[in-house]
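This is the structure I want to talk about, given as structure tokens.
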Amino acid sequence: MKLGMIGLGRMGANMARRLIQGGHSIVGFDPDPDARKALESDGAQTADSLKALVESLPGPRNVWMMVPAGDITESTVGDLLALLDSGDTLIDGGNSNYKDTVRRAKSLAEHDMHYVDCGTSGGVWGLAEGYSLMIGGEPAPVEALRPVFETLAPATDQGWGHVGPPGAGHFTKMVHNGIEYGMMQAYAEGFAILQHKQEFSLDLHQVAEIWRNGSVVRSWLLDLTARALDENPTMDGIAPWVDDSGEGRWTVAEAIDLDVSAPVITLALLERLRSRDNDSYSDKLLAAMRNQFGGHAIKKE
Amino acid sequence: MKLGMIGLGRMGANMARRLIQGGHSIVGFDPDPDARKALESDGAQTADSLKALVESLPGPRNVWMMVPAGDITESTVGDLLALLDSGDTLIDGGNSNYKDTVRRAKSLAEHDMHYVDCGTSGGVWGLAEGYSLMIGGEPAPVEALRPVFETLAPATDQGWGHVGPPGAGHFTKMVHNGIEYGMMQAYAEGFAILQHKQEFSLDLHQVAEIWRNGSVVRSWLLDLTARALDENPTMDGIAPWVDDSGEGRWTVAEAIDLDVSAPVITLALLERLRSRDNDSYSDKLLAAMRNQFGGHAIKKE
Amino acid sequence: MKLGMIGLGRMGANMARRLIQGGHSIVGFDPDPDARKALESDGAQTADSLKALVESLPGPRNVWMMVPAGDITESTVGDLLALLDSGDTLIDGGNSNYKDTVRRAKSLAEHDMHYVDCGTSGGVWGLAEGYSLMIGGEPAPVEALRPVFETLAPATDQGWGHVGPPGAGHFTKMVHNGIEYGMMQAYAEGFAILQHKQEFSLDLHQVAEIWRNGSVVRSWLLDLTARALDENPTMDGIAPWVDDSGEGRWTVAEAIDLDVSAPVITLALLERLRSRDNDSYSDKLLAAMRNQFGGHAIKKE
Amino acid sequence: MKLGMIGLGRMGANMARRLIQGGHSIVGFDPDPDARKALESDGAQTADSLKALVESLPGPRNVWMMVPAGDITESTVGDLLALLDSGDTLIDGGNSNYKDTVRRAKSLAEHDMHYVDCGTSGGVWGLAEGYSLMIGGEPAPVEALRPVFETLAPATDQGWGHVGPPGAGHFTKMVHNGIEYGMMQAYAEGFAILQHKQEFSLDLHQVAEIWRNGSVVRSWLLDLTARALDENPTMDGIAPWVDDSGEGRWTVAEAIDLDVSAPVITLALLERLRSRDNDSYSDKLLAAMRNQFGGHAIKKE
């Protein structure tokens, strides 16, 4: 089918390519001309404005946004609301907060437009391996997009599904990322323990390779960990600085709102915050307290 | 090759079967005659005592123990020390504490016997899919066992490896299980969050299936989780009681000994302890404290 | 000075009494006539409506709200906005979220009214021992209320302070409660460890009493813990159910917003959530997973 | 009474001084002649060897060890076993592991000697304010030492107690320190949150002072925190490096052995480990994983 793709960054461009390879027709838009040019060479038509993109699509239109969550998504939705017609469908494939999605879906529904949220997992590997798609929305527009989902997913009938009403897709993706944080932290801690056990001089890449086959902890994240350990087993030159993209925070907040105790996902987030605080005020104060009551020496900075 | 297998429970019997299917010749021993009989029907020779087993093997012997860690392993090693000859190799494929393994290997070395520790992962699926084997020991006896490892592993050159000196195999398996705890807890928390989000009426089995293909959190544990959710999505009849087998505790203790902060693995263990304490004294005391300072009502038991 | 007190529950009535005992003149309002009558017998004037209360105070008025945070505070502020005059001061002594306080202060400032937030700690003991007061607001109205703070606090120059602009008082009180959660949990866990060490048959009340004098962990919360352990050392009849009033949640959310890793305060909150979830879905799923991969028995409900 | 004091460091010397001030007669020993000389000037008799100390005491003797836990305590007990007579009492006032204490008490009992363990809290403030004493041992020797305990404690009948058989004192002290870790971490996290809330420009020392009077979180540790914040509110020059003395580790291990989930005490320990790991391998690996699956940038070291 013919689909508009807004946002031709790492994720959006790859998804457009996978769709083109699957026989779909893509009109891409990105404010960066180089990004548009790159996609044109892969067979896409492009537009140099949202307006041009909308005008190049036959109605009822399907427009997929793959732009950063937050302000850019908000303004893009606002702009499209003025450009799209009733009956059109707007898909948010990014990592939006599900509460924003619920609100936006209501706003579009008032104009008889459809809003579909598609939590998208797969990272830079999705182009080759397919994406895992968690889809929220009304049944009709989701069903209409079936050919698109079947192409983006790893297989026609695998790795994608309509999980619930608008917001349910982004909610599910949010929790997916919370789990991801916990799993990553579990691996990271385990390999750190192995790495500190100097008496055994373990080869961490070898261990990861062994575990990849037949072990209980085998996973795709372990496959990637094995790659990382192969390339750089000592992690030389990599700062112990772990960013977070927001979905972990939302998962923690949501769990607390739901009265669900999720200590592992929560701690995985806190460890990321901690990784970026090399000058911890709390640790300094602890050292000062120990000095106050026990006369324990303070290490100077 | 010809190998003695001591312990024909769920793990030992399946490993014996996989070895037989791979062309090896097995002499099995278990105190339970039914277990012996069952394995005989799968093509193994059996012995009704450790002594008989040892005598039925040509020297230098290879004897694999697949018995519960702790007292039973300790007494079995003691018994075999009196029965084996110099040059023989004893393999511990169970979940022994690596410190015991180091000690036992030294003890056997004094009699010119070899001790090989093989951390074994794969559970009840190993018979069909192969086991992940983390092997510690001296190079010569490990190399001599290569045909056995190649058969037990998922593939000749995959899923097994000689990771270090005696103890290194069990150490690596211990950390493997610590990671397993963390991953399991991450999934469990994530699905609990989904389950509590009643407004979206999510189908947890469907979500697991979507994630199994293309998502960042895809893994073998997720495959099994999907099975569990397919069979019983509401977890009806299952008590919220999570056992632990000891390796998680050792991982936590080892991490602290190594000055490695491993909060996610640690919390995953603590959650298991918590699952078995329905009558938490600390929670009662918290309720009593709140009543003391704020007059907050106490819920009666 | 003459002060209006809105909300004559446990906290408000006791604060009014302490003010009366300190020579202030109180006009109290509560929708419950019994609450009004009780305070009258302690020497307060009362009013049967907000309007009557406002009219009974000379300008510029000082009106102290001691009502539940959230909707009731919101509507009370709204009602008073229509009744008060420019130059009047409204004090929120409850546990409002500091973000609401910042918003309300701006709203009142537009009418030339003052808004003072007073984080109040001390619980049911405050009447006798005085309250700890963390005060936010503009300098002038805070200074005008000095006589009130000097009376409510444990001593004229102790236990109260103007900590910053509107919201700073409630913010500080919020963090105070987060710390409180952490300390309570630390004590509760420690006493639970002592209680489980059956071989020493420790008398927990005796231990608490010993610690109350000279130990590093002596504190007012320990004094109360000792009382609770004296009254009911086995915690008989108390359900392991720990409520939370919201400030812990806000503290956790705020810490994450500020990129501060606060694992102990966070875990203290999660333990409270956990205490109220006797039927943990995550624990059930963990048990089901263990059964899937290792054939481990599931405990039936 | 007349008492031998072995170990005249910060703790032992101060305890000897408090005993002398209370009318007791002290014979002190320390390998450091300066430490002996310092105590002589405070009115103690000293001895230049364990043998000389033992010979200078009338039987049945009471000898108090205030030496570092571990090897030094072990060797001192061994030396004294050869010097003391049946009926003599040896007191370990240090932070020994209770399991060692149980073992040592048995060993002395075989020689009809008594072993009393005295968990001692109070730090450098104990000289002036008295020590909190948690005492384990047989009833008779503990009772015989009553005059000593009454002097060391803050008051004759406060702050000390015989809590159980040998080992119970050190066990109780161990848990005390676990609670201490949790409380300290709770305060440290709370003040870190306040410190990061730059929009309110909070004066942390002022906040601590307010809380010291009337608040729920008032405590001796808060008194000390207020001192530390007064001296150095920005914690300038203090490295975020928090040591630990071992008792926290034992508490965590003991809690797990007892199947008690103690997340706050445990996390408080892990945070200390974390404070000393500026080059976290796990954080580096997390950054590498994120790069692998999502192409997220790695911060260079």
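Think of it as A, B, C and D in the order they're written, each chain with its own count starting at 1.
Note that in this section a residue touches a chain if its C-beta (ideal position, glycine included) is under 8 Å from a C-beta of that chain, and two chains touch if they have at least 3 such contacts.
The structure presented is a predicted model; accordingly, all values stated were derived computationally and were not measured.
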- Specify, for the interface formed by the sequence copies chain A and chain D, whether it is same or different in terms of residue numbers shared by both sides, with half as the dividing line. same
- Greatest separation from chain D - chain, by CA centre: A
- Let me have the rounded angstrom distance from the C-alpha centre of chain C over to the C-alpha centre of chain D, please. 33
- Message: I'd like the Å distance between the centres of chain B and chain C, where a centre is the mean of that chain's Cα atoms.
- Response: 48
- For chain A and chain C, what's the span in angstrom between their mean Cα positions? 39
- Please list all residues of chain C that touch 2 or more other chains. 123, 185, 187, 189, 192, 196, 216, 220-221, 259-260, 262-263, 267, 270-271, 274, 282, 293
- Note on the structure: Counting only contacts in the complex, chain A reaches chain B at residues 121-123, 126, 129-134, 136, 153-155, 158-161, 163-165, 167-168, 171-172, 175-183, 185-187, 189-190, 192-194, 196-197, 200-203, 206-207, 209-222, 251, 254-255, 258-265, 267-268, 270-271
- Task: Could you pull out which chain B residues touch chain C in their complex?
- Result: 10, 123-125, 184-185, 187-189, 191-192, 195-196, 221, 224-225, 227-229, 232, 235-243, 263, 267, 271-272, 274-275, 278-296, 298-301
- Seen from chain A, its contact residues with chain C in the complex are 216, 249, 252-253, 256, 259-263, 266-267, 269-271, 273-274, 276-277, 282, 293
